[in-house]
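After this come two complexes, each holding chain A, first together with chain B and then together with chain C.
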Partner chain A sequence: MMVAALEKLGGGLTVGSKAVSEFIVLVAETMSEMLRPPFRWRDWLRQLHFVANQSLPIVLFCVCFAAMVTILESSFHMKMVIQNDSMVPGFASMLILRELAAVVTALLLTSRVGAGMTAEVGTMKITEQIEALQMLGIRPVQFLVVPRLIACVLGATILTLLASLVCLWAAQLVSEFYLGFTPALFLTAMRRFVSFQDLLFAGIKGACFGAVIPLVSCYFGFRCQSGAEGVGAATTRSVVTSSVAIIVIDFVLSFLFSFTY
Partner chain B sequence: MALPALQLHSVSHSFGAEQILNSVDLSVENGERIAIVGPSGQGKSTLLKIMAGLLVASRGRVEIEGADFHKLSHEQRQKLRCRMGMLFQKNALFDSLHVGENIAFPLREVTKQSEQEIETLVVKGLESVGILHAKDLYPDEMSGGMQKRLGIARAQALNPDFLFYDDPTAGLDPITSRKIIDLIIDLQEKKKATIVVVTNEMARAFQVGHRVWYVGDREVFDLGTPEQARETKNPKIRAFLRGEVSP
Partner chain C sequence: MKSEAKVGLLFVIAIVGIAAFAYFLGILNPFSNSRSLNIMYNFAGGIEEGSPVRVMGIKVGKVRKIEFTPDYKSPAGEEVKLKVVIDVDKKAWTSIRKDSKYFINLAGVIGEKFLEISPGSLDSGELAAGDYVRGEDPPRIDQLISQSYGLAGKIIELVEKNEGKVSNVIAQMDKLVTNVNKTLVLLDKTSKNKDVSRLVDNAIKISDDMAYLTGQLRTKKAEDTYALVHKLLFRLENLDGPAIKKFLQEEGIKAKLF
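Take a look at the complex of A and B:
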């Protein structure tokens, strides 16, 4: 039984290390293809429209509610512990700018954009469309991954910044109409806790998360097994892996940024 | 003496531990039509993809007009690719593009022709396979036979010297199958292209092939002309060609 378990563990590690090395190869290939012509501007813009424009309503809608919950919960707990919620606007703003906007936006993009990318690339793989591209001398990574990567990095950065601002606005509205903070009071409290640097870091996080989503999605798409089940499995793996990667990268970046505060 | 269009030198291929092809040595002459037959899952499509340069053989090499395909520079390989066309088993049509755009796609990607010239070629290409009326449809809106015709038109779009057809009659009724093979032969005779066709239908293989290859038990046998193939002494192959249960 012990031997079987060790064999299973060994097999898992082998598969895992192979997957990691294949992913690194994909990342390296994508980086080198970004610098090689042809530069497919139209594809980049089409993907940017899909990533940014079409995701904007759902992202803003969701982050608004996340911001409102954050400020309400902060107020409730501060009142419970220190019987005073005067620091709520500051704390909530800090949380929104440093974590909430970037992470919620990225997780929403993972499910909306990343899942779509895996399904699209996976379907192309199993219907031999990727081989058809190769037959035309088109490099699949350059044709499929590069436009999505550029669009996602730009789109996620823009969406994160917009989401941060809309979050703050939603938080301010709740704090004004439910907690009784005037806009001036909210801004004063906010300024004490956050600075422009926080918005900049939110943008950096957005860009990093934006890079993870298409790379992971296309990786699983390229390795999709045939059949509807194969596409489904690849999409599930892609969404789970991207989400986990975003949480881990968020921790790493937050840790690194903490040295600058 | 002219070099063969395509040569396989000791080509072996495995998927993981499973060996599919073992030391295949064969060649195809310019303007020749080869029909590849054999039981399912024995490596016919794998052989075709190795010949087309889509798969790198585990061992051995593929030479196209004397040049080792996988040792060419990126530019040379790109140039050679433009002289190849392929019809895939599942057609591999770009389902987000309509019929006309499927033909225009390789022309836009590979050539520097104007949109007007491309439009003319698209119309010509669709006419040649008899589906001009479907120009604005999406592949999913067409029948299997029409999709095959579109696949053939797209494979022919760059007017290639080498054409690879992976089971062009799969899933088609006998009449449509015959028409598709007639079309392949007709187009090949106009261009004098070198073509390799994988098929599971013996009648179509004998109709299209100048020579017939049999793929089975990790080996590829050149059976010669269709007439010679019919007279093969190998009982297993003879049974296969006649659709009988092998002895």
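Take a look at the complex of A and C:
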């Protein structure tokens, strides 16, 4: 009984450490391939269009609703606690800039872009297209991961910045029509708390989350088991891992940024 | 539109958005319309870069920079060690005069610090952009607290030194209050006594009568009576004892006859 449990634990650890080391190898390989020619500009742009432009409507739509909920809830809570919500635009904007916009955007990108990437790479893997690429002398990481990584980092950064700004605008509109703050009042309260570096940090967070998505997705794509079932499992695992990684990295980054305030 | 163009458009929109954000936060302002002023302090009470500047309570600018100037001496020869550079909107600039005063104040529920400029008088001249002026150092709350600690200590000392006397004074005061209370109770009882109220009623009636009487005494008729009495007395004065006796005797007889 005891031995069996230990065996299970050891087996799990071995598999885990192997997975981690393989992931690190993939990351290192991607980094080194990124600096080596040929640079596939067209691929980068095509991926960027897929990641940024095509995700834009859904991202903006979702973050707007998140912003509305945030500002209405904060107002409700502040009215409950101190019977005054004059500071709500200030700290709601801060919450939007520092957390909400970046995380919501990243999670949406994971489910839209990450899942697609895993499925695509996984299908290529099980249909032996990756081996075919290798036979043609094309390095799969250079061909598949690098364009996606660059596109995702740039796209997620831009999307996060845009989402933050649109989010603030949505919050302003809601506070004007439901809470009675004029735009000037909103701006005054916002300026009291928000500084430009908040937007900068949102961009940095976006870039980090953007890096996580293609690396995790391609990693699970490369390890995809054969069959439709394998692709499905790989996609599920990829989305779950990316989401968890994004939330953990969000905590780490917030903790690191807290030293600069 | 080609996908490359769409990607490019997205980036342009993002950059414009960031610039707009910076503009709304007041960091980036290409249409700046302000002048700067250097205010010198020895203690600036927690003001920060970006804190608002107000003239007569209206926001007209903000603190741009705070510098330490250990070797600065004002024209009056005073060493002032802190320079606060502020930007003031042009429309409020002419309200700031050479005799304006520069205070550091607190506002709002979260205790935000701001720089308040009192408007100067019209007679004193305008300042030039970049002038050096001396600000009013805000009261040091920490000093105030330490002083009040000292005061509290002294009060405690005083009380402890004169403990016997103080308790004696308190005991005396207590007795005094008790006595006053008793007196008040007695007074209350007295005012409700029937005899006393009758007495008071009578006193009121008597005083009314007296008032009527004295009023009557001051009339014309009364004055005539006084004069008559006076005349009579004057005439009677000449009469001596025997004459009166004779007169009375005669009158007495007459009286007996009737």
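Following the convention adopted for this analysis, the second predicted complex is superposed on the first by the 261 of 261 C-alpha atoms of A that agree within 3 Å, B and C clash if a C-alpha of one lies under 4 Å from a C-alpha of the other, contacts with A are read in each partner's own complex, and residues count from 1 in each chain.
Please note the rule applied: a contact is a pair of C-beta atoms (placed from the backbone, for glycine too) under 8 Å apart; a residue touches a chain by one contact, two chains touch by 3 or more.
In this text, all values refer to a predicted model and were calculated from it rather than measured experimentally.
A.B. asks: In the superposed arrangement, which partner chain does A:Q83 touch: chain B (first), chain C (second), both, or neither?
C.D. replies: So A:Q83 meets neither chain B nor chain C here.
A.B. asks: Which holds for A:L45: it touches chain B only (first), chain C only (second), both, or neither?
C.D. replies: So A:L45 only meets chain C here.
A.B. asks: Tell me the contact category for A:S258 with respect to chain B and chain C: first, second, both or neither.
C.D. replies: It touches nothing on chain B or chain C.
A.B. asks: In the superposed arrangement, which partner chain does A:E128 touch: chain B (first), chain C (second), both, or neither?
C.D. replies: First partner only.
A.B. asks: When both complexes are superposed, which of chain B and chain C contacts more residues belonging to chain A?
C.D. replies: Larger number of chain A residues touched: C.
A.B. asks: Applying the document's contact rule, which stretches of chain A touch chain B when the two form their complex?
C.D. replies: 127-129, 131-132, 134-138
A.B. asks: Report the residues of chain C in contact with chain A in the complex, numbered from low to high.
C.D. replies: 3-4, 6-7, 10-11, 13-14, 17-18, 20-22, 24-27, 50, 109-110, 112
A.B. asks: Across the complex, what residues on chain B touch chain A?
C.D. replies: 49, 52, 54, 77-78, 81-82, 84-86, 88-95, 105-106, 109-110, 158
A.B. asks: Using the touch rule from the top, collect the residues of chain A that touch chain C in their complex.
C.D. replies: The contact residues of chain A facing chain C are 45-46, 48-49, 52-53, 56, 82, 84, 86-87, 158, 161-162, 165, 168, 187, 190-192, 194-196, 199.
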